[in-house]
Amino acid sequence: MSARKHKLINRPEDILGEMLEGFCAAYGDVARLTDNGLVVRAQPKAAGKVGLVIGNGSGHEPAMIGWIGEGLFDVNIAGEIFTAPGPERIVDGIRAADCGGGVLVCVSHHAGDLLNAELALELCEAEGITDVEMVVLYDDISSAPKGRESERRGTAGLFFVWKMLGAFCEGDGDLAAAKALAEKVRDNTRSLAMSLSSCASPITGEVMFEMPEDEMEIGMGLHGEMGMGRQKALGADATIDLMLPPILEDLPFAAGDEVLVLLNNSGSMTLMELFILYRRAAEALAEAGIRVYGSWIGPYATTQEMAGFALSLCRVDVEMKALWDAPANGAYMKQA
Amino acid sequence: MSHIGSAEVAELIAAVARRVGEGRERLNRLDAKLGDGDHGTSISAAFALAVEQIAVLDQPEPAEIWLATAKALMNGMGGASGALFGTLFLKGVAPARGKGALTKLDVEAMWRAGLDGVKARGKAGVGDKTMVDALQPAVDAFAASDDFSGAWPAAAEAARAGAEASAAMIARQGRAKFLGERSIGHQDAGATTIALMFEAVQMWWETRE
Amino acid sequence: MSARKHKLINRPEDILGEMLEGFCAAYGDVARLTDNGLVVRAQPKAAGKVGLVIGNGSGHEPAMIGWIGEGLFDVNIAGEIFTAPGPERIVDGIRAADCGGGVLVCVSHHAGDLLNAELALELCEAEGITDVEMVVLYDDISSAPKGRESERRGTAGLFFVWKMLGAFCEGDGDLAAAKALAEKVRDNTRSLAMSLSSCASPITGEVMFEMPEDEMEIGMGLHGEMGMGRQKALGADATIDLMLPPILEDLPFAAGDEVLVLLNNSGSMTLMELFILYRRAAEALAEAGIRVYGSWIGPYATTQEMAGFALSLCRVDVEMKALWDAPANGAYMKQA
Amino acid sequence: MSHIGSAEVAELIAAVARRVGEGRERLNRLDAKLGDGDHGTSISAAFALAVEQIAVLDQPEPAEIWLATAKALMNGMGGASGALFGTLFLKGVAPARGKGALTKLDVEAMWRAGLDGVKARGKAGVGDKTMVDALQPAVDAFAASDDFSGAWPAAAEAARAGAEASAAMIARQGRAKFLGERSIGHQDAGATTIALMFEAVQMWWETRE
């Protein structure tokens, strides 16, 4: 199955800048584009709070520009398509996020994001910028076995971290507490993704990988990285029955647990399909005695127009539920 | 020549930028097999940026040229490869610091520091199908020769052979690692860039001599 | 370019029921599935208000189930894929929406929706159900020329009607006033859609129409109906420059007007592309002296995984802006 | 036979349901050329539903069988075609009301009322490439014959010819209208269903006689 190669862009080299301009023109009440290309909150948070910043490759919209706003991130440093921004831009972002309570640099674990954040922190040290911490986040069970969690990739389930951490950093917690909270949410979150199709790179105009019609890949990464292997494409219930058990076993999630559920659309999956998939997931969770506290179904972290989805679960306690329910006002994440 | 000064170092980077620019499509094609197909586009743009930024330096030392190159690669390229190619040059700055002209031993120390930096940051060793597979043999071959005239061709030849050898390997770092055995049979793009770099320097050296 | 034919469903005949079950399981705080297959508000509105109901074919999710909730619709009667529900189900929906202030049946103008609503109103009359009105809504300038607006199709731009009408019906206006408001919004709304790809029917598993790679159709309907014809696919700015002028001329929108802008994702368009498209639209509107009051970019009414978008404009006055800004709480339309 | 009673009317609907069921894939294929490819699936399911709902009626009059068919088509099928096929039967209920057995003139009045209803609701006339292109000639041919034995075959033949003629037309109603000239060359699915309907009735009539 061939992917759509023609993208509605102008020149590949202008994608990043034009996309950020368009986004900020549309959502100026929430987010603002700075002269040095950062997307920052239209209304900065109060002095003394912990600033939250993340750098990441683009091409995953609404992630992460869509999560800039009250109760969410302060600053997003968007890199080129599928490419982490370099260290100097991250330092710019750290400066912009600083409102006196220190800055937490979030890293969704991929080599580029991690290496550039490390370099940025070295630069900060060299320039005497203190009170900066980095937290490395991951959730994808397909990318490394149990016991080697810290080698795993960061994928759509980090959504739970962003939401709760964002809410936390509206409060009076300090930098160390914010980092601990992020790690707590991460350590209670597990995800697994699949895809039925490839997608085209808007830079090269070429299909990113081959995916034969009627096959699917379980464990697909956010940039089309291969996972646990190909197999014949299944129906909705069978797909959930294949993907949910390894997620449950990994944490493990157990009877009596309360969870949040995310079904992330990686691009061109229809909501029609996602609702049918959710139906079986909810049924299977109920069978396992696991209570669903809340659910989100939609495109949160996409891989261009790839036809796939990720199933993410986050086990929550009282603290996490309160953070989950707290208000948020990003362009693509609104909660009253 | 037993020393190279700032003018030569700048020429060297310019030669690399030209050669990598010529290899752009080939590098994209190689990266398309194992990664996301952009390596040629981004590395050539980053080296072109390095040349621009070197041009505006005011009477730079070799170390400053090396630093400008490092920054252009890191910030102009981004991604893991930007950090790693950037580190290759960044770590070479310290051994060059304060020197108006570089001996073969100076340059050897710069490459060695760069190689060590890349390996420390990227956690890849020889055999993992990355730029290290070309870089390590190149640095070793450079060290094993007595002077520039022996070192540059030896390094170029070793880098080329290392890049070619990467084809048979299973990727253990970079985007390609998720391909596992499916990565066998394709030469690594980053290693190929290293080979092009040393090839360019050798050719530049030949025309200088 | 071939479309993805494998959908993550179970059996085609179970799509509708399973999708509604999954949706209501996920969003039980907002919407509820009745025993007779209607999607209704979890919390009914106060007695005496005008009830709002719409029937429509499915396959366009989040439309219309995603707009059930406070400040939006009371009842949605979802038909089979791309098929309007029959008259008896619409009558069920009218009964469910009735809370004493009469019921307005909204019709997004397509033959099936209109004919079945007409039949339903005849049934209501026969059964003595009074205080029911129908309003027929359309916005697609490609489907009939100026002067024959009432022959036009209803497409994504009706989103503006749903939002403002929903807010209106939370207030004390009566049925006639609600209908008049719906017509006012409709008469100030114009849309034009395009697509770069086809999509597959989840019922037949076949591609719905052929679309050669590197071509695009301007004036594409919500079910893949052909519009003003094929042409070579253009870049982002050129596409907006082709589509915006006929929209502006049609109303016409003029310098000094204030508008709402919707860029509707018909399925597998990326947000990256939509932001780049929006950038040019915003620029061109500014050039024309038209002020943007608010913008929405995302999937509101989809055509399965079709790679296209609609550009919709709605001219607003003080009353409409207030209704636009009013709170809403549907699963896929939240406003504080 | 000069009259048909409830048993015959129920058999007639059952015969139609069988024939349309057999034509399911063909109707889907025709609809795929001009519409969304579901006509065979939905019309055959709706007629099957009609047969089921007729089976549970308690000693129905012909009019009640016609009404049950109308409701099954409207509510079981949905869409414009459900409304239109439903209307075809719904409008035939009034002329049959109160009659235990139907004469040829009764049935003629039922078809005529149905045809008028379809045209009024759907705004299609002959030549617009819809079910009307088979239905109107069928009803006219039925009317032009003196008795059932002449009327059924004449109607079947006229419906078949009308359906075939639709291939050459440009669609002016239904989903196909947006295809404009691109609709030429394909026979209309709804017209084909009408042809199958009358063909089924004729075959059923032959076996009865």
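Chains here go by letter, A, B, C and D, matching the order in which they are written, and residues are numbered from 1 within each.
We take it that a contact is a pair of C-beta atoms (placed from the backbone, for glycine too) under 8 Å apart; a residue touches a chain by one contact, two chains touch by 3 or more.
Here the structure is a predicted model, which is why all the values come from computation and not from measurement.
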| request: State the smallest step count from subunit A to subunit D, taking one step as a move to a touching chain. | output: 2
| query | Among all the other chains, which ones are in touch with both subunit C and subunit D? | reply | none
| query | Taking each chain's centre as the mean of its CA atoms, how far is subunit A from subunit C in angstrom? | reply | 29
| message | So the centre of each chain is just the mean of its C-alpha atoms; given that, what is the distance between subunit B and subunit C in Å? | response | 55
| task | Measure off the straight-line distance from the CA centroid of subunit A to the CA centroid of subunit B, and report it in whole Å. | result | 33
| What whole-number Å value describes the gap between the mean CA coordinates of subunit B and subunit D? | 77
| said: If I count partner chains per residue in subunit B, which residues reach a count of at least 2? | reply: none
| If each protein chain is taken as a node and each touching pair as an edge, is the resulting graph a line, ring, star, complete or other? | line
| remark: Pairwise touch list, complete, is A-B, A-C, C-D
| query | In the complex formed with subunit D, which residues of subunit C make contact? | reply | 57, 79-89, 110-112, 115-116, 118-119, 143, 201, 203-204, 206, 208, 221, 223-227
| field | subunit A residues touching subunit C - in the complex, by the definition given at the top | value | 1-2, 4-10, 15, 18-23, 25-27, 58-59, 61-62, 66, 196-197, 202, 213-214, 233, 235-237, 239, 261, 267-280, 282, 295, 297-299, 302, 304-305, 307, 309, 327, 329, 332, 334-336
| field | For the subunit B and subunit A complex, residues of the former touching the latter | value | 28, 32, 36-38, 41-42, 71, 74-84, 86-87, 121-122, 173-175, 178-180, 182
